[in-house]
Each structure stands twice: as structure tokens, then as C-alpha cells.
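What follows is chain A paired twice: with chain B in the first complex and chain C in the second.
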Partner chain A sequence: MSNLIIFAVLMVLGYGFGQYNEQRHYKSIKKREALLSTLPAVATKYPPGDERHRQTMVMGSVVVASDYFKSFVASLVNVFGGRVRSFEPLLDRGRREAMLRLKQEASEQGASMVFNIKYETSRIGGKVPTIEVLAYGTALTPLHSPSTHGEQLSQQV
Partner chain B sequence: MSEKMIISNLEYYPGMKIEQHISLVQGSSVRSKHAGRDFMAGIKSIFGGELLGYTELLHESREEAVDRMVRQAQEVGANAVLNVRFSTSSIAAGAAEIFVYGSAVMLVEEV
Partner chain C sequence: MQYQDRIPPDGINTPGRHPLREFLRLSVMALLAIITLGFLLNSAGGTLGGLIPFKYELWLADRIDSASVDAGQESPFAQTITHPELQEYLQSVADRVASAMELEASMPITLHYSDDDLVNAYATIGGHVYFFRGLLSLLPHENALSMLMAHEFSHVSLRHTAKGIGGGLALAAGTSLLGMSQKNQLFGLATTLTSTRFSRNMETQADRSALAAVNRMYGHVAGASALFILFMQQRDEEEGQFDKFLSTHPLDEQRIQRIEDLALERQWLLEGETTPLPDKYSSWLR
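Presenting the complex of A and B:
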């Protein structure tokens, strides 16, 4: 009986806080994505060769966990197979957050673009599915025109 | 230390010529989280959201791996590491290995 109560409490807590955290996170992601949308970050390997740039590696990483409720729902879906909707936002949040951190680091250096972006996702053990997402790439900062792009952004944030 | 060394995950450096490919350099770091952090993360994971302790841990460990790679590149006399890749593997529950590798090269100004 007591096990059942603990389970119910965890489910309710997981659902409540999980939803709240997710909504708040998405709000913050959207806000910051709008701020950083002027900095292009692409997966192309070949930067334009017409201007000299300084190259630096930039990266962003985040560890996010699903919540108790969602992982329980997912384990139910697992029985029948099919689309596991409750984990999709988790991966989406992780990727977008990692990308934002990468862009933030790049814009602080005054970079004008980021090339050769790679993502890496790894699973971190634990009862509740937890993932780490790493995004990394090469930030190109123009050598000649002193860019104030990054400073403006960090003031806004 | 890593200020002077050029680290990039592009395969070449626009405006500069690769004079010599020296060798493959690598750095790795295995870390585990201490029990207190682990416990807190376990509680936090019920509610979902970011586990800051782990984010920091992996970040530190990645920086250490890059530092080791740079040190190796300096030893072989390179001034840049190009085409850098990361990889992460979890070895045991609670421990992760971060591995970073790239090509150590000698870059010179193009004339």
C-alpha cells in the first residue's frame, strides 16, 4: 500500500513540476533564440574564403532529465511500440539549449558565424532517462571589422 | 595555455596554408560524480529539467580533455589542431569518458 502511495505522489510531483519546468524552459528558449537569430550557425564545412577570420572552437552542452511521470508513460508505450511522444520534447529541449549556449559563447567573442556544427547526444544512466547534448562548431570572427555584435547581445540578455 | 594554439573543427584554415601534417593528437578524461551530487541529481530527475551538476561536471571534464590534447600538440611542435571531434562514452554507471581528438598541423601564412 505504502509503495502505491509513494508511486502516486511521485507521479503527481513529476507531472506537475515536469510540465511547469518544460513550459518555462521553452519560453526561455524561444526568447533567447529570437535574440540570437542574427548569428548564423550552419553545418557546412567550407567557410567563405573572401575574408580573413579568426577561428575558435565553441561548444555548448546541457544535461536534461525527463520527469517521473513521462518516463512512466513512455514505459507503457514501450509495450505496444510506436511513437514515444513524451520523450520528443526532452531531446528537442536539449538540442536547442545546447545550440543556444554555443551561440551565446560565439557571440560573446564577437563571431559573425559558426561553421561545421556537430551534435552529440549521449545517454546518462539513471532511473529517469537523462541525456546530455553537446553542440560544437567553429566560430569565425572577422579580423578587420571590429564587431560589437556580441556585446550588444549580452547587454540585452 | 590554449590561447596560442588554434583549435578548430574545420579541415582547413582560410588564408593559411597547412605546411605540415604532424600527427593525430588526443586527450581524454574520465570523471565520475561524487555521491552527494549523484543523490541530488536523482531527486531532481523526478521533476525533470536541467541537471546543472552534471552539466558542469561534463563541461569541466571536456575542458580537461581539450587541455590534454593541446599539451600533446605542443609537444609535437604544432601550432594548430584541426578537424577536432568529441566523443563521449559511459564506462560504468556514474562514470563517463570524454575523448577529444584532432590533427595536429603546422600552419603558415599564405603568401
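Presenting the complex of A and C:
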């Protein structure tokens, strides 16, 4: 009986805090995505065009942990198979946050775009499902260009 | 070439379904699957357990007995005489109950009296049946005592102990094969519900067989339900509603009703003179 109560409390706490954090995070992600939308980040392997740029590697990395509720729902899916819907927002948030951090780094050095973007995801930690999402790419900064996005961002994050 | 950035659209990489809906759907599926599996394992193991000859139950009890003695501990099956007059009386009633039940000689019953406040009695492997002072002191007459004994002896004769062990072993083996443990909360609840169902069936079977024995002994079944009225009063004092729901025994009200129904069906007399307990009975229990 006491085990059931502990379980119920963990589920309610996990759900409550998990949903609250997720919504707050998405709100912040959307705000910053709008701000950084002037900086294109593309997957193409080849730098565009004819202008001379400074090329630097930029990266953004984030570690996101699941909550008790999400992990429990995922463990149930493990029995029946199918989409692990409870983890999908977790990975989506991870990818978007990593991209934002990458763009932040690029914009702070005045880059005009980032190309050859790649993502890597790895699971870290033991019992609690925790993932690291890493986005990296090559930033192209026009020679002698001042930083534009960095100042805006530093007020938002 | 012109490169543009875009805001990621919503609802493509995320589920777009409320997490609680997903949780409910999966929980119901898991609960159904586990109950079905638990039911199958428990009934298969129980059936197999019931097929094991009683002599192996006796052998197992002997092994436990000698292992305890070897380890320098008191054997749980050692029959110790602490209250000679009471135990002699209990044995005399037990002999009459056993003969009314036509228990086979190959299925010996060993009585154990425990000087403890616990309001309980139980039968375990090898025909060992335990009675606690707490319960014996509440019995109003011999008919209730005979009903209690006949009920416990029925567990032995109907092989409920072996069935229970078989079912439990099958459940444990099946679940460990699936990599599930009792730590999994839903699983724990579901198996409890499944085993509860089985135990309740066993109790009902034992009640029916016991009532037939009491009728054979006294020519009526008056006083048999006194035992369950007693349990009902005890449980009302001790338990909440949730405990009742999970109880391994049928609810006492239902048991009393079933006794009456069975008596009417078999045309057994519900009224009759009850046999009093010996005068010194309560002093023996002190």
C-alpha cells in the first residue's frame, strides 16, 4: 500500500513539474528561434558562393533529463511497442535548444550563416533517462563584420 | 544561392496528443495484459501443484523440519504440548471432524496450538494446521470450532496449499522470465488482484466442504455462520474499505449468505441445538 502511495506521489510530481518545465522551455525556445531566424543554418556540405568568409566551427550542446511520469509511460510502451510519444518532446526540445545554442555562438562572432550542420545524440547517466544533443556546423563570418545577434540574445536567455 | 532560416513547425516531431491520454491507454492495456497473464500462470501452476501427490507435501514438510533442527532452530512443525487439556480437547474434536470428512489415512492432520492473540487459524504444507488463542477464545460453541477445523482441514484435503505454492511459483517464474519484478507497481497490484481471486475461490470451496462436514456431525448447520459473524466483527474493527477489497477471503457477509444458500439448496437444517464448549474451556485458554 505504501509503495502505491509513493508511486502515485512520484507520478503526480513528475507529471506536474515535467509539464511545467516543458511548457516553459518551449516558450523560451520559440521566442529565441524567432530572434535568431535571420541567421540561416543549413545542412549543405558546401559553402555558398563567391564571397570570402572566415570559417569557424560552432557547436551547441544540451543535456535534458526525463521525468518520472515520462519514463514510466515509456516503460509501458516498451512492453507493447510503438511510438514512445512521451520522449518525443524531450528530443525535440533537445535538438532545438542545441541548435539555438549553436546559433548563439555563431551570432556572437558575427556569422552570416552556418552550414554543414550535424546533430548527434547520446544517452548519458544511469537510471534516469538523460540525453545529450549536440549540434555542430561551420559558421561563415564575413571578413570585418561586426556582431549583430549576440547583444539581442544576451538579454533573452 | 539564397539561404533562409525557418521556424520549426509544431506537431511534426512532437506527438500532439495529451500525455495523460497516452498514459491511460497504456495503463489499461498493461493492466489487462498482466491480469490475463497472471491468471493463466496462476491457474496453470495451481493445477500442476494440485497434481503433486500428498506424500511429496509430507516429504517437503519433513525436509523443512529436519533442516530447522539441523540449523539448531525450533522446527515450525514441531508439535509442542503447552496446554495439555486444551490440546487434548482440540484433538478430540479434530478426530471427529476428520472422520465426518472421511479424510484418508494417507492425509494425516497435525494440530498446532499457538498461545497468541492473533484472531486466525491456517493450514500449511504437510497437513499442519495452526490455531491461535485469539481466535479460539472468541468461539461461542463447539459447532463454530468444528466449522473452523473442517474449513482448515478442507484446505488440506482439497490440496489448496500445493495449489497455492504451484500458482505462486509459476507466477514468480513467469514474471522473472519476463524481466518484471515486484518493484513494478502496476504489476504488483495486478498480481495481487489475480491471486486474491484464486484465494477467494479456495476459501469458498473450503466453506462448502466444511459445512457438509458440520452437517454430518450435528445433523444441522446451526452455529456454523457464527465463525464468520465473528470475523466480520473483527474486521470491521481493524480494516478499511481498500483492505477489504484486496482481502484474500470472501467478504464475510457474502460467506454467511452463501452458507445459508447452500444449506437451503441441500435441505440442511439451519436451526438446531448447538453443543456448548467444555466448562473449563476458557480457563484452558488463559
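Going forward, the second predicted complex is superposed on the first by the 142 of 157 C-alpha atoms of A that agree within 3 Å, B and C clash if a C-alpha of one lies under 4 Å from a C-alpha of the other, contacts with A are read in each partner's own complex, and residues count from 1 in each chain.
The definition used in the following text is that a residue touches a chain if its C-beta (ideal position, glycine included) is under 8 Å from a C-beta of that chain, and two chains touch if they have at least 3 such contacts.
Not measured: the values here are computed from a predicted model.
In this overlay on chain A, chain B fits alongside chain C without clashing.
Residue contacts after overlaying the shared chain place A:83 against chain C, while chain B stays out of touching range. By the touch criterion defined above, A:3 reaches chain C but does not reach chain B. When the two structures are aligned on the shared chain, A:73 is found in touch with chain C, with no touch to chain B. In the superposition on chain A, A:40 makes contact with chain C only, while chain B stays out of contact range. Put simply, more of the residues of chain A are touched by B, taking chain B and chain C as the two choices. The superposition of the two structures on chain A yields an angle of 110 degrees at the Cα centre of chain A, opening toward chain B and chain C, reported in steps of 10. Shared-chain residue A:49: touches chain B and chain C both. With both structures placed on the common chain, the touch criterion links A:123 to chain B but leaves chain C unconnected. Contact with chain C, but none with chain B, is seen for A:92 once the two complexes are overlaid on the shared chain. Chain B and chain C never share a C-alpha pair closer than 14 Å once the two structures are laid over each other. Overlaid on A, the two complexes show chain B and chain C touching the same residues of chain A, namely 48-49, 70. Remark: chain C residues 1, 3-8, 13-15, 17, 19-20, 22-23, 26-27, 29-30, 33, 185, 188-189, 242 touch chain A in the complex.
Touching chain C in their complex are the following residues of chain A: 1, 3-4, 7, 15, 19, 30, 33-34, 36-42, 48-49, 69-70, 72-73, 76-77, 79-80, 83, 85-86, 88-89, 91-92, 95-96, 113.
Within the complex formed with chain B, the chain A residues making contact are 10, 13-14, 17-18, 21-22, 25, 45, 47-49, 52-53, 55-57, 59, 61-68, 70, 90, 97, 115-116, 118, 120, 122-128, 130, 132, 134, 136-138. For chain B in complex with chain A, the touching residues are 6-11, 13-15, 41-42, 44-52, 54-55, 58-59, 62, 66, 84-90, 93-94, 96.
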